[in-house]
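Look at the two complexes coming up: subunit A is in both, with subunit B in one and subunit C in the other.
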Partner chain A sequence: MKRRRFLKLSASACAALAALELQGKGMFRPAVASTGDAQGLPGSLGAKEIPSVCEMCFWRCPIVGKVKKGRLVKIEGNPKSPANDTRVCARGNSGVQLIYDPDRLKYPLKRTGKRGEGKWARISWDEALDEVAHNMNKVRDKYGPHALAYFDHGASAEFMRGIFKALGTENYTNEPAFFQCVGPAALAFIKTMGYITSGTRQYVDMKNAKAILLVASHIGENVHVSHVSEYMEGLSKGAKLVVVDPRFSAPAGKADIYLPIRPGTDTALLLAWMNFIIEKGLYDKDFVKSHCTGFDDVKAAVKKCTIEWAAPICDLKPEDMKKAIITLAEARPHVAIHPGRHATWYGKGDTSRHQALGMLAALFGAVGVPGGLYFPTPVKKGHSECAECGGEPETPDESIQEDYYPFASMFGSPTSKLVEASLTGKPYPVKLWGINGVNILQTIPDPYKTMEAINKLDFIFCEEIMPTETAMWSDIVLPGATYLERYDAVYSYDLLTPYITVRQPVVKPMFEVKSSYWIARQLAKRLGLECFQAKDIREIIEEELKPAGLSLESLNKKGGLVPIKAKPYRKRKDLKFKTESGKINLSVTDFEDEDLDPIPKFIPTPAPPKGYARLIYGRVPVHTFSRTMNNKWLHNEWPENQLWLNDEVAGKIGLKDGEEVVLENQDGYKSLPIKLKVTPGIRADVVYMAHGYGSRSKMLTKAFKKGASDQFMITEYINDPFMGASSHRTNFVRIIKGNKVINIPDLCPIPPQIPRFKLKNAASAKTGGKK
Partner chain B sequence: MVIDLKRCVGCHACAIACRAEWGIPVGYRRNWVHRLGPEKTPHGLSYTFYPGLCNHCDDPKCVSVCPVDPEERTFKDPKTGKKKTIAIHATFKHPFTGAVLIDKTRCIGCGSCVEACPYGARYLNEELDDPKADKCTFCVERLEAGEQPACVKTCITKARIFGDLSDKSSQVHKIVASGKAIRLTSKEVNIGPNVYYTGLKKDTHLLIKKYAPHERKWENVMAPTRRDIILAAVRRLKTAV
Partner chain C sequence: MEELAENAGIEIGHLSFTPEELQQAYTRLFINSPGGIPAPPYASVYVAGQGLLMQEGYGQAQDFYQRAGLEPLNKEEPADFLPVELFFVAVLLEKKAFDLLSEFLGTHLLKWFRIFEERVQAANPHPYYSLLARLTLFYLTKLNEEVFG
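Here is the complex of A and B:
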């Protein structure tokens, strides 16, 4: 047979088979992976759309869940939302795979092996809750209420927090969100501006800015849809972008001016910039005169901080530093000085750095105006007593919060202090941990110490969705419903495009998982607490919606979301700040009262010891903390992290792009293997990796041992003297290739103002690590 | 489609929205994001992205290598309603919209088109009992329903602009006519891709350097052997039994 004829034949044979298929004999598997609905519409077309709120991260974008035959097929942005309309990020899109992750926690579990070993028995909800309640009572009776501690993050943690509060512990909230992340920035802005300019969200109007300053904010690598899109709107309208970062990040790639600063010297740069604009008269004199206090003190304090003084400290060229500050000054007052979010870098000086950012914005008059820092829009929202549990607990004689860090109690108990108290029993014993919505072993510095502390506890339990490292170390694991399977509170958004909306289930809960409200209510009952009286959380939601003139039904008729008119700006004459003076505090007397610097000072953080580079970290846009690494779609997109290594350094030590290495930190701890990314886009004295990888939980079958964990290299930390947050960028690593320890060559000269970090045990570092 | 690299932050939302919309199994993809750099270019240090998808080329080599015998089919112009009948292989270029599509009922899963594409935009879905070639369709089904392509709808920075290049009033036409947009072509491979990129000079420079194809892959595509075709037919029969 001629080839051509054969082809024709076979093609028609195929056509015949296809015809058979079309007759619907049911003998064929579908030819294309299809999510077609009853009407045969392909893809997500024709799906039922249920409005809700995302919780793949804390930004909480409004979404619609698209459901076909009871199965969630796709998530899109809620088109009614003025913040994100139909848009959701990679993680938002991947919520589908959180629900259907086969590794999910499905049933309540009780530990049968050693802590951390991962041996479990399936138990009933009654048994699990009885056990948790019994242990809470037992520990409280034996050691007093403060022996209970709660580590919390996100929406799932809110109701259960009330239980710890009601039991009377001062440790009812220890949010890694504050003590490992935004705390120092939040405190700096509360004391400077009178409101939390940077907390969960940042009130900075990049959309209408003529210039934007980012100090190590990696917008685009950390993705929050409205935040990124406003930044991009601003840039596309011609805003100039100044990026200060030791690493050439995604925004550095879009910057007009990029300053590759020496880590730990940002405050020196900011002080020099303040001095420069004061000297040259490039600040908003009228604004400073009428709306700021402490200007003369600031002027005197920064007088010696010249550009020439800062240049060798920051390892920057004076002309670039000047060009950047002039670019920002020319745009005043429409200049977005980004307040930053993750601020726990060096321990000492973190609060001051963010204070300096606030001061710079104030000197530019860039507050309450388009393009500057702005005010939250008040949203009318009710409050239901049913959502609460206990009143404010009494402070113990010696408090973990107030007796160590004067401003800690604004945020809760510093996590590192709780770990210490659990280990040493001082200032009082902490014997039970409840954990909700946070993987503490991949969050709190020195996980080895955290594991030691856990081993000393009488009891530890968690409410979780995935079998994280923290779940592995728990005695009882309570499987929580995902945000797509439960109601939560009413959510309001008070940034440039405000709205009110509500989280509601888009599908029924899978397996035996339960909603956070149900779990908290059942636990409260067992503890004899009279709270969470509403049988159905919808009663709470109705109560919260009332002041906005809404009910769940009427809200859903409007598409699940109602936009609210924004009031972000103020006329200058109407400007009033919620500080004691009613003005912006350029010098913070509250700090002075506690013997802390009222005006930021440059406090050098030790430079890397010889042979080491500083370890810095950040985010990849497809992952949230260590939470999403096991998500099928997100894992597929970015399964492991890479170690960014300066190309000149790599050349000198003979390492190539893509090679696999192991890291050893200053205390001798070794990382999991990680592949190198050799690039000119990073300073020679730092290495970088994305956070959250290198999972040590074997029950996360996709994420287990993929990439390396920055967290397991962070064993050295310093507490912020203002509020007790623990530093993360105070660790140093060198490279191990095969069995060879490779020292990082010293390519960045260190000025006399900056000391070097002293290795604790030079001998052990020489011979190589312990773990 | 025009993709503005100045706006793209490399967030991967497009890649996942596409996967979700069409149920693309992990291991395959119609739509991807690669990261480029940070790397030195003559125009400065660049750190940019390659958000890629099928280029729906003017001269689609994937179509010309398709061994399935042509069959006549009538197409309708979505704008004018005008009809046209042409003979098409299992993969074909729509005479009115220009979209390069696959007739899944006729595709024999030989993989020739997958091999031929210089952009690697196609894959053979071997997870199916009866493997088929698959690729981006510009979400033609969604367009017919009055929706945007899934990747465009989710793009968080509005970096993707989709429209009718032949319509002079369209934004895509204006950008392309301005001459500012580049395409992933080379001296060796210039088959008229219809995805355009705009961006800073350093970024488009790096994109072309890394991802403009040079290999005329379609010239190396062996016509499927008899064995391949028999195997494909047997596979189909097996699933029928």
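Here is the complex of A and C:
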């Protein structure tokens, strides 16, 4: 073949081969003059800097994305930010590896195999959205609006929520953020203090505290940059630290007094402490008199709760308990009683436990003062109706919210009730799930039941970034843009160092991923809903910025962030709470009206059955939920979790540090293999693992089967009677090594007040019938 | 495709498929699949063995485009997406920019495409994609010999 002819042929061949993919007539254009990306400089030097907001976790630190030739090369904290300055955490840094992970979702996908199997075909956005809209209409017409349910979390979920609401379902929100996390704590503080002292944020001034109390909060193992820095600053200025935790956590290592409490008995400790300070006069009499209601009832209710009563329940030494409460009392009112965050532990007493924390803070007068609980600073921010979808949910004959749990509707539909309704059709059928921003199979207790429920659905779709378990179980997968590729909204921060900022794309969306607003708007159009009028989300942002005297342009000129003067404290005489009485409710009549305890009581949670230990869980500082385990950098830092096992227990059953074991829970379910960490830093009646590992999605090439999942061991749950959250620390495990089932020796005597958990089917558990 | 195969002297045999079949096969090979996709169609994944998008391979591709005074029109796909690089080859041929083409093939495209092609063939691909990968390798190799010589 002659050279010329071949070259010509090759040219058309290459064009033809390329065109098979992109139908590209012209794929190139003459280069526009360089935008001054400082060619040739190493690393992130000379990069274009774009301010935005992180979403590697929900704390949402202000960041700057450094971009060279359209490629994000580095993320740093926004130096204008008074909260985190140039700092970001390991996860914040690793956003770079989220957008460039080859495993990420890239195009709309349609399931072609069985649910959960992971067989997909790429389809167009039109086809994907048509299919979702068609099924939403079909299910709604056939079963009524409540057959639609939305599982939502985080910034990506907000717009689509409006669609479900507009379609009339009461199940337009059931955030695991509430029902698997902060719900009971949020409710307790709303009713006690009149505001969400603990929700997304915790308004607790550890920076200026003279003493800090952490009840199973393990700051530093969970990292929110400004929160951790303030805690460290407080400690460095000499704050005394009291840590209550069955496990010797990172903060336990910094504690002046560490109380290794028996799980499930925290409320007994708090009641005894309240009684102690009331009896010894170690509370703030003036504050209680002027700013609290219900003190006399509380005094009477806790009278019998002596330190000596609580000590055997909590498995603590009376002198340590006294020393701790005196340490806290001496610092009053500058004592930071951390309100806690993840609160769905044991089901029955969860709301009461956080109510007790709020009461303790109130008795110390530690509210609205430096070092105590404080108030959010109001931030002037507009609201755009274009961001909304209108429409009010209809009320079903029998609601799965208030007909079961009196305070559920403040948060939405309890997740566990939705799973049950999908399985049983009672009180009404639920036939379609939309999921956005949450990996439900690694979040909601009893994933086996969740999978069973999914198999009964007519349709399930998700908007996702990574091919998680949830994506694998979906019929249609809508690939969402990451936080680095989209506008979202105006973000304000109302803690000690307030500011206003905005999330904006630092790079263009890759592949065919779309922003949450675009997806919601397109879907609403297909459903015939008149909402999301703004063509471009920037119109919404401009409207939201206006009352602050800002525009996107002016905000960006100021570095993308404007600090605001903080107003966290109040003079005592100006104190007014947003409760009916204007005071702190030490006794909550709203609870009493619903036949719930107005004042916390100690409700024992069953102790482990013989041969088992309670499974507890927590976080590692480099990961968020089950969301970041496939991130290359973060995976490299902490690829798998370990099972913490008490050293004395390990000695008695002949297990060594580093050995690989499998767990079997009380219902016979087995875990993926996990390595042991044998340590004196955990009680003998509990074992611990970090949450989020043990992915079952084969699509996540780095995270798949790395470590074990606590979630897949949580099959027993109890609902919080106040708001319907489901408990996570009511499961028990024993160890399998090789083929041998090893019972955990009983080293912690149980007092008569605490019953043991009764195995449902001892025989099946013994033989380990299930996988 | 028949013509391309004939010119390359490659036997096509009997190829039959439905569009849905190809959709599924394409998704499994190149988009998302259990165990990870066998052959991500981006230079960045192969160059320096980084296994990530938008790394060195991406930078290399961008540099070549810049040297030719061009930039990709499609901003959604990374610049080192295989079809973009193939189209760039066609453009260079049309421009008769043989030296740059030789360098592009020898130091970049062919280097990673060989690994890519092996990974496609090892993944039990649909015959359509197996053939497509073979054809592409054939033409790129031939072309490299021609422009080099």
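The rule is simple: the second predicted complex is superposed on the first by the 731 of 771 C-alpha atoms of A that agree within 3 Å, B and C clash if a C-alpha of one lies under 4 Å from a C-alpha of the other, contacts with A are read in each partner's own complex, and residues count from 1 in each chain.
We adopt the following convention: a residue touches a chain if its C-beta (ideal position, glycine included) is under 8 Å from a C-beta of that chain, and two chains touch if they have at least 3 such contacts.
Keep in mind that what you see is a predicted model, and the values were worked out from it rather than measured.
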First (subunit B), second (subunit C), both or neither touched by A:77: first
Which superposed partner A:90 touches (first subunit B, second subunit C, both, neither): first
Which of subunit B and subunit C A:448 touches, first, second, both or neither: neither
Which superposed partner A:252 touches (first subunit B, second subunit C, both, neither): first
Partner chain in contact with A:632 - subunit B first, subunit C second, else both or neither: both
Which of subunit B and subunit C A:44 touches, first, second, both or neither: first
Common interface residues of subunit A - those touching subunit B in one complex and subunit C in the other: 3, 6-8, 10-15, 17-18, 20-22, 27-29, 31-32, 632
In the complex, subunit A residues that touch subunit C: 3, 6-22, 24, 26-32, 69-72, 97, 99-103, 105-107, 109, 112, 117-123, 467, 508-512, 632, 698-699, 701, 704
Residue ranges of subunit C in contact with subunit A within the complex: 4, 7, 20, 23-24, 26-28, 31-37, 40, 42, 44-45, 51-55, 58-59, 62, 65-66, 69-79, 82-84, 86-91, 93-94, 132, 135-136, 139-140, 142-143, 146-147
Residues of subunit B touching subunit A in the complex: 6-7, 9-13, 15-17, 19-27, 33, 37-40, 45-48, 67-69, 71, 90, 104-106, 108, 125, 127-130, 132, 134, 139, 141-142, 145, 147, 150, 153-158, 200, 203, 223, 226, 229-230, 232-233, 236-237, 239-241
Residues of subunit A that touch subunit B when the two form their complex: 3, 6-8, 10-15, 17-18, 20-22, 27-29, 31-35, 41-45, 73-77, 84, 86-90, 92-94, 96, 219-221, 223, 225, 228-229, 232, 235-236, 248-250, 252-254, 258, 621-622, 632-634, 636-638, 679-682
